[in-house]
Amino acid sequence: MDTGGLPTLTQDDLVVRTLGERSFPSPLDGGLLERGESLHYVTEDDRVLVDSSLSRAVRRGVPVEQLPSFEPGGPRRTLFFDPARTRVGIVTCGGLCPGLNNVIRGLVVELYEHYGVRYVLGFRNGYHGLTADGEEPEVLTPTSVQWINSQGGTVLGTSRGSQDPAVMVETLRLRRIDVLFVIGGDGSLRGAQAIADEAEARGLPLAVVGVPKTIDNDIPWIDRSFGFQTAFGRAAESIRSAHTEARSTRNGVGLIKLMGRHSGFIACYATLASDDADLVLIPEVAMPLEGERGVLAHIERVLDTQGHAVVVVAEGAGQDLFAASTAADASGNAKLHDIGALLRDRVTAHLAASGREFSLRYVDPGYAIRSVPANAHDSVYCTRLAQAAVHAAMAGRTSIVAGRWHGRFVHLPIPLVTASRNQVDSKGDLWLSVLEATGQPVFV
Amino acid sequence: MDTGGLPTLTQDDLVVRTLGERSFPSPLDGGLLERGESLHYVTEDDRVLVDSSLSRAVRRGVPVEQLPSFEPGGPRRTLFFDPARTRVGIVTCGGLCPGLNNVIRGLVVELYEHYGVRYVLGFRNGYHGLTADGEEPEVLTPTSVQWINSQGGTVLGTSRGSQDPAVMVETLRLRRIDVLFVIGGDGSLRGAQAIADEAEARGLPLAVVGVPKTIDNDIPWIDRSFGFQTAFGRAAESIRSAHTEARSTRNGVGLIKLMGRHSGFIACYATLASDDADLVLIPEVAMPLEGERGVLAHIERVLDTQGHAVVVVAEGAGQDLFAASTAADASGNAKLHDIGALLRDRVTAHLAASGREFSLRYVDPGYAIRSVPANAHDSVYCTRLAQAAVHAAMAGRTSIVAGRWHGRFVHLPIPLVTASRNQVDSKGDLWLSVLEATGQPVFV
Amino acid sequence: MDTGGLPTLTQDDLVVRTLGERSFPSPLDGGLLERGESLHYVTEDDRVLVDSSLSRAVRRGVPVEQLPSFEPGGPRRTLFFDPARTRVGIVTCGGLCPGLNNVIRGLVVELYEHYGVRYVLGFRNGYHGLTADGEEPEVLTPTSVQWINSQGGTVLGTSRGSQDPAVMVETLRLRRIDVLFVIGGDGSLRGAQAIADEAEARGLPLAVVGVPKTIDNDIPWIDRSFGFQTAFGRAAESIRSAHTEARSTRNGVGLIKLMGRHSGFIACYATLASDDADLVLIPEVAMPLEGERGVLAHIERVLDTQGHAVVVVAEGAGQDLFAASTAADASGNAKLHDIGALLRDRVTAHLAASGREFSLRYVDPGYAIRSVPANAHDSVYCTRLAQAAVHAAMAGRTSIVAGRWHGRFVHLPIPLVTASRNQVDSKGDLWLSVLEATGQPVFV
Amino acid sequence: MDTGGLPTLTQDDLVVRTLGERSFPSPLDGGLLERGESLHYVTEDDRVLVDSSLSRAVRRGVPVEQLPSFEPGGPRRTLFFDPARTRVGIVTCGGLCPGLNNVIRGLVVELYEHYGVRYVLGFRNGYHGLTADGEEPEVLTPTSVQWINSQGGTVLGTSRGSQDPAVMVETLRLRRIDVLFVIGGDGSLRGAQAIADEAEARGLPLAVVGVPKTIDNDIPWIDRSFGFQTAFGRAAESIRSAHTEARSTRNGVGLIKLMGRHSGFIACYATLASDDADLVLIPEVAMPLEGERGVLAHIERVLDTQGHAVVVVAEGAGQDLFAASTAADASGNAKLHDIGALLRDRVTAHLAASGREFSLRYVDPGYAIRSVPANAHDSVYCTRLAQAAVHAAMAGRTSIVAGRWHGRFVHLPIPLVTASRNQVDSKGDLWLSVLEATGQPVFV
C-alpha cells in the first residue's frame, strides 16, 4: 500500500521464468470449476499494471500497451506438471512471522484437495533440512495440517543462514521433488533463486516458487506482507501498555522498541493503531538527539505540557548515532546497534540533568509480536497466497514469488523482490499520517 | 480489492465538485511540515488510475493521459476555508459499524491539532439531529473524544431514514456550519448529496464530505470499507463456535447466518479466515435447494463423509426462494426474507426425511459483529480516512467521499459510489478461493 | 463461593465409597516425590470442614471433631489399582462447556506421565459410546491430546440422554476397563452412579469417578464449576455489545438472554463483569411484569432517565408467566418456555402503547458462550480437577466426583451433588451486589 | 486458595477496630433493600471460620465457639457516619495491577448510588498526593468514572514510597475527609495503619479502610488478590510465545522471567494455564544449578528428549546464587538480583560447553502483565471488594482491609495482613500440580 519510494521498472524486470510447454489439463476443470467454461482461468493477455499513478504513466511517454505490467496469479487451463505424479517439498526459513502455518496448510490443502497431488514433504528447520545433515522431513497431509493454523510459529521449524545450492538440489533430486515452495525473506529468496539456477543448470525441471515473508513489510512490490497486520496489532498492545504505565506516574516516560531493521512500518502502523505515542523514530528518518530541535528536547517539552510521554523506536533507527561496525548474524544481516538501550540511557541522563523527577519504563515486546497466530485478515491472505503459489507452480512457473499488488495476485520474479526494499517514504502519506497522529516535529 | 465486476467509468464520472477558489494558506505549512518545502502536498497533476488491468486499458484505445483517474486525497497548499473561523459538523447515520468512533476521533483531532479549527459540533442520532426535533448537538474536542475509540458504536448516536434536505440545511445555516462530515452508507450518502445540492442551490458555501460506511463492503470504488476486517474477524469466531458444536455431536450441522444484504463479502472472508465451513451461500450466487446437485443433497453428502457439516449463509442469499414482497425498513431498504430460518427448516426436514439422527444448531451472531471496537488495522484505516476527509473539506471539496483505491487515498464523487454496488464476482478469484477452501460444488 | 442457600449436611451424607484394600505403592513415590518423605500425600485424618460459618457450627451443638467434613483430594501413598495394568475409559456427556478438552488432556497426561498407566480409551459421543451401537472408541495418549486444549468443545463428542446401565457395564467389562471417568452434569452423574451400582452388584471392581460439569454453576458443594468463568466472561461481551447498540439509538433497549435453567449465576456474574446492565432477571427471583412496581414500568423509567436500557434475562427466569407444560428434552430436562421471546414481545407492546419511539434489539448469544476454549483460570482449574480425579480413582474411590470446596480439592459422593442444586441466594451477598450494581428495585 | 503454609492465628489477631457507636440508619434500608426486613444485613454473631481443616481445628482442643473466626463483610443496619455529610478520599499506591480502576469505580458508584455520599476526592499519585506538595486532587463522580474500567492502570496515578503520617493526616483534616480508602500493597497498608494510628492519637474519627493490592498474590488471609487472574492469564501468553519460538528451532530454549518477588504464584499458575513449560523456578524452592540433579543438567536432558525446552523463572527465585547486597528501592523493598540474566548466561555457557548447537530466547514481559485491564472475573471481584470496603467504612470500621476468605467477604485487621506473607507451599497441592504438569524433578 505504502510504496511510494520504489524504483522505476521496465517490462524486462517483470518477465517470469517458466519450465516449458504445458500439456496437462487442469484437474480443476472437471472438478471445482464448471466443465466447458473457463470462467476462473487466467488468460495470457491479462496483465496487472505496475503503476497506479497517471502522471508517472504519462511521463513514461509510451503507448498504453507498453506500460510495465505484472503477470497475474491464478489457475491456468493447462499445467506443466501432471498432478497425480507431482512430488512437492515445502520449507520455511528465517525468523518467525504470524501466518507461516496458515501458508503451509494452504499449500497442502490446495495441492491435495484441488490438484490431486499425493506427495507433499515438509523439510525441517529451513534450508538445513535440505542438507545431508538435515532431520528427516515430514510427510504432510490435509489431516496432519488441519489444526496447525491455530498455533503461531512454524510446524516445520526454521533456521537462519544459507546452504550450498548444489547440496540442496541434490537432496531434492534424490527425493524426486518437482516443486519446492520456499516461505522466507529476502535472504532465503536469494537462496531459492540459487536453487532454481542450479536446477536449471543441471537440466532438472524443478519449479521453485516463493511466498515472501517479512514481518517488517520491507519486501517491495507487494501491497502488504502476510503477518504484518497481526504483528502491528500486537505491537500496538505493547504501546498501549507502556502508555498505561507512563500515564500512571508523574513524568512517566514509556519507551517501546519495535521490530523494523530497515523499514519503520511496524512502528508507524502500531502507532496509528494505538494512537498513544507522542514520538516515533524509524530508520528512514534522521533522529538527532541533541539541540533545541532534537529528540531529547522534544520529549522534555511533551512532559512539560502533558505530564507523560510515549516514545516508539524501530530497532533499525538511529544507527548513525553509533560508531560503524561490521558484525553480522548467521543470515549475513548486519548486526544492529541497540538503539533502544541507547535511547533509554540518553533520555534518562537528559531528564536527570534537568533536575526533574521522572520514571522511565523500557518495553521490548520482541518475540511476542512474531510468535502469535495470524489474525482473521492474515489467515485469509495466507490461504489465498498459498493458493496462488500452487497455481503458479503447477503451471510451471519458477524463480518467482506469489504476491499481491493493488489487490490482485501476481507473479513477481525473485530478483525483482530482492533487488530493492520497501521503506516508509518520508515524503509520503503514511509518514504524514504519523506526523499528524503524534504531533511530532521534524527533527533537525 | 475484490472489485472485478464493477462498471466501466469515464473521466466524466470522476469530476470532483469544489466550492471555489482557494486562498488561505494551509497552517500545516508552518507547523507540521517543513517551511519552504511542499513535500507532502498534493499537486494538481497527480492522479490515481482507476483500472489496474492492462488489457482493459488497452481495449479502451485512448492515449495514456486519457485513462480514467481519480483525484488523490491529501493536504493542499492552499485552502478554501480559513481554519480559525471554520465551523464543522459531524453526523453518523445508519447501522453500527466498527470504527465509527475512530473516524469521529480522527476528524476532531485532525481539525483541532493540525488545522487549528476551534468549533466542531457532533449532531445526535443521525440526520434526525439535523431537524428541528433533534437533540441538542454536542461540542467535540480532542479531550472529549480521547477514549472513545476503545468503545464500539458511535458516541453521537445514529438513526435510520432520511430527512428533508431543506430542513437540514436550515439547521446547518442557523448554526453557521461550514463543513459537514457524514459517516454513512449509500442511503445516507444520497442524503449528503441532497444536502450539498440544497446548499448549492441556496448559494451557501457548505462543504459536504462523506466517509463511506458499509459493514457489508458493498460500496464500490474503494479497496475495503472501514470496519469490514473487524466484522469478518468477529464473524469467523461465530463460524468457529458453530463448528465446535457441530463436531461435538454425531451428524452435527452448524448453520450460521451472517450479514450481507446484497454482497456476500463477510460470508466469504469469514469462511476463509476460519477455514471451518463446508458450504457458503451468498446473494451473488444461486442456491437451488433440491435435486442431486442442490444444496440439501450436498449437506447430506458432507455428513456422510465427514460426520458433521458447517453451512454459512449471507442474509441476502436465496431471496428467489421466497414469494415476492414489497416491505421496506425505515431507511427504505427492501425487507429481506429470513433465509436463515428457511434453511434451518428445510435442512431439518430433509435430514429428518432421510431417517438420519442429527442435530442442527442455528447461530445468528447479528449485532455482535457490528458493535465491537475496531481492530488494529481498521483503527489505522479510520484515522487515515478521517485525515483525508479533513484535507478534502478544508480545500473546498464537496459532494465527495474519502476512499482508498489501490492503496491510495482518493476523492470519489458521491453519485459514483451510490450508483452501483460492490459485489462478489462469481467468476473472480475471491469466489474461486472460497470454492477451493470449502470444496463446495457449483449448485444447479 | 456463593453457596449460602445449601441444605444442612450430616457426616453420613459425606461418606466416600471405596473399592477395597489398597496394596500397590504409588509410583509417584519413586519418581515425582522425594523418596522417604510423604510430603504431598494425603493422610487419613485430614478432613475439610463443610461449613465456614462459626455461628452455624455453634448451632450444631456438637464437639469440634463431629463437625461435618469432606475427604480431601490428592495423591495417596498406596493405591487400589496397579497402574501398569490399569485400563481407563473417559466419556464426556451433555452440553458443551469450556474446559472439556482440558479435563480430558489433564486425565490422560496424569495417568500416563505420573502413574504410568498405558491404556486410556476415549468413548465417543457420551453414553451412546458405551452401548453396542457406539462408535469405536479412540485410544488417547499424551501426544494425541497435546493440542486439544486450544479448541473448544470435546474431541470425544457428546450426546444427551441416558442409556441402560447394564449395557454400559457390559461394554466396560468386555473392554476390561478398571476406571471410568465421567465428565458430565447432574443427569450424567446419576448415570455414573447407576454404572457404579451395577458394577458393584456384579462384583466388578470398577472405579467410577466424575468431574462435575455445569456451565450454569448449579452443582452444589463446589466453589465454582469449571468453564463458568470463561462462560460468564463471554456472556459479558454479549451484554457489552447489546449496550453499545442500545446507547447508539434513542430509547434503545438491549435485551440479552443468557444460559441458566435453574440458576442465574451466569446472568449475575456477566452483569457484574460488564457493569452495563440496568436489570437482571433470574429464575430464583420473581419478576412480575405489570404494575407500578413491575418490570415493564421499571424499564420505562430507566428509558426516561437514561435514554436507553439494558435487560439481562436468564433462560429459566419467569417460567411462572407461562401456562404449565410437561415437555422434556432428550436428557429428561423439562423444556423451558422462551422467556426471552416473551419479554421481547411484552416490552415491545408496552413501549409501543406508551407512544414512545424506541428500538429494541434482542441478543441470544447461545452456543457462542459454551463453545469457546477455556480461559487461563479455567485451564488451571481443569488440569487440577483432572489430577485430583486420577488420584481418587487410583486409590479406589468410586461413586464420587472431584470438586473444590473453600479452595481445597475434595471427594464428594455423587448422590450428594445430584440431590440438590446450587442457586443464587436471593438474600445473599451475590444478589445484593447485583442489586447494587444495577440499581434495580425489588419487583412486586 | 493456596494458603497451606500460613501461621496459626488466635482470636486476638482478628479483632477489628471500630470508630465508635453507630447511630445512623443505613439508607440502603429504604431504598435498595426491602423495608421492614433485614435480609442482607450482617448480624453481629455471624463469623467466618479461619481454618477449613478439621484436623487442625481438633488439634486446637477448644470448644467450637472459640475457633478463630473473621468478621464478615457486608452492609450493617446502622452506620457510624451520616452518609449525606460524609467526605471520602481515595488513594492508589505502589505498582500497577489489573483492576485498580475497577476498584475506584466500584467505590465511587457504591458511595454515591447506594449510600448517597456526595463528596469523593481522588488523591493523585499515591501518598505523595496527601502531602503538601501533592497535585490537586480530583473530584470523582459516577459519571467521571463511568468508563475507566476499560483502561488498565489507575486514573489517579500512583507512586512508591512512604510519607510522613502526620503530614498526611493534616491534609485529610484540612480537607475534612472522614473516610480514606487505600488501595495498595503491604508497604502502603503499613502506611494506612500509620495514618489510622495518627488519626486516633489526635482523636480524629477517620476510617481508614484498605483494599489489598498485590499482583504477586502474596498478601496472606485472602483467597486470591484482585488482578491476579488477569496477570497470570497474560503471563501464560508470554510462556506460549516463548514455547512457539523454542519449538520452531533446533534445541530452542525459551526462558521467561515473570513477576514474583517472594512468591511464585504467577509463575505456577501461568505454567499450569499454558501447559507449555518444562521447568518452573520460584523463590520458595531451591534451584541449585550445577550437578547431575541440578537445573542445568535437567535442561540438557529435556533438550535431548524433546528437542526444545521452556523454562519459567520468578524474579525472586535463586537469590542465594548471588552475593549478598543491601540495595533497596523507593518503597524500601530489597532490590532483587537479576536471576533472569544470570540464568540466561549460565544456560548459554552450559549448553555452549556441551558443544551443542542451540538457540536461547529470553522473554521478560514485565509491564505488559500488570498494565492490562481486568478480565471478567477480576472485574466482578474488584466491584464486590469495593462494595465490601464501603460497607465496612460506613459502619465505622478502621485499620482493616476488605478481603475474601473461603468465598466470603471478611474484615481483616491491617497488622494481620502485613505480618506475614502468602507463599507457595512447597509441600502443598499447588506445587504438586506444577510438578505433575512440568514433570520437573526435585533439584538437589
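Going by the order they are written in, the chains are A, B, C and D; count residues from 1 in each one.
As a working rule, contacts are C-beta pairs under 8 Å (C-beta built on N, C-alpha and C of every residue); 3 or more make two chains touch, one makes a residue touch a chain.
Heads up on the chains, UniProt names are A, B, C, D = ATP-dependent 6-phosphofructokinase.
Since the structure is predicted, the reported quantities are computational estimates derived from the model, not experimental observations.
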item	value
Subunit D and subunit A - chains in contact with each	B, C
Repeat of interface A-D, chosen from B-D, A-B or B-C - more than half of residue-number contact pairs shared	B-C
Chain pair with more C-beta contacts, C-D versus A-C	C-D
Separation of subunit C from subunit D, taking each centre as the mean of its C-alpha atoms, in whole Å	28
Interchain centroid distance [CA atoms averaged], subunit A/subunit C, Å	46
Shared-contact residues (touching 2 or more other chains) in subunit A	151
Subunit B-facing residues of subunit A, complex	1-3, 32-34, 39-40, 45-49, 51-55, 57-58, 60, 62-65, 67, 69, 73-75, 105, 109-110, 113-114, 149, 223, 229, 232-233, 236, 269-270, 272-275, 375-377, 379-380, 383-384, 387, 405-409, 427-429, 432-433, 435-437, 439, 441-442
Footprint of subunit D on subunit A - complex, ascending	96, 125, 128, 135, 151-154, 157-159, 237-238, 240-242, 244-245, 247-250, 361, 363-368, 371-372
Residue numbers on subunit B that touch subunit D, as the complex places them	147, 150-151
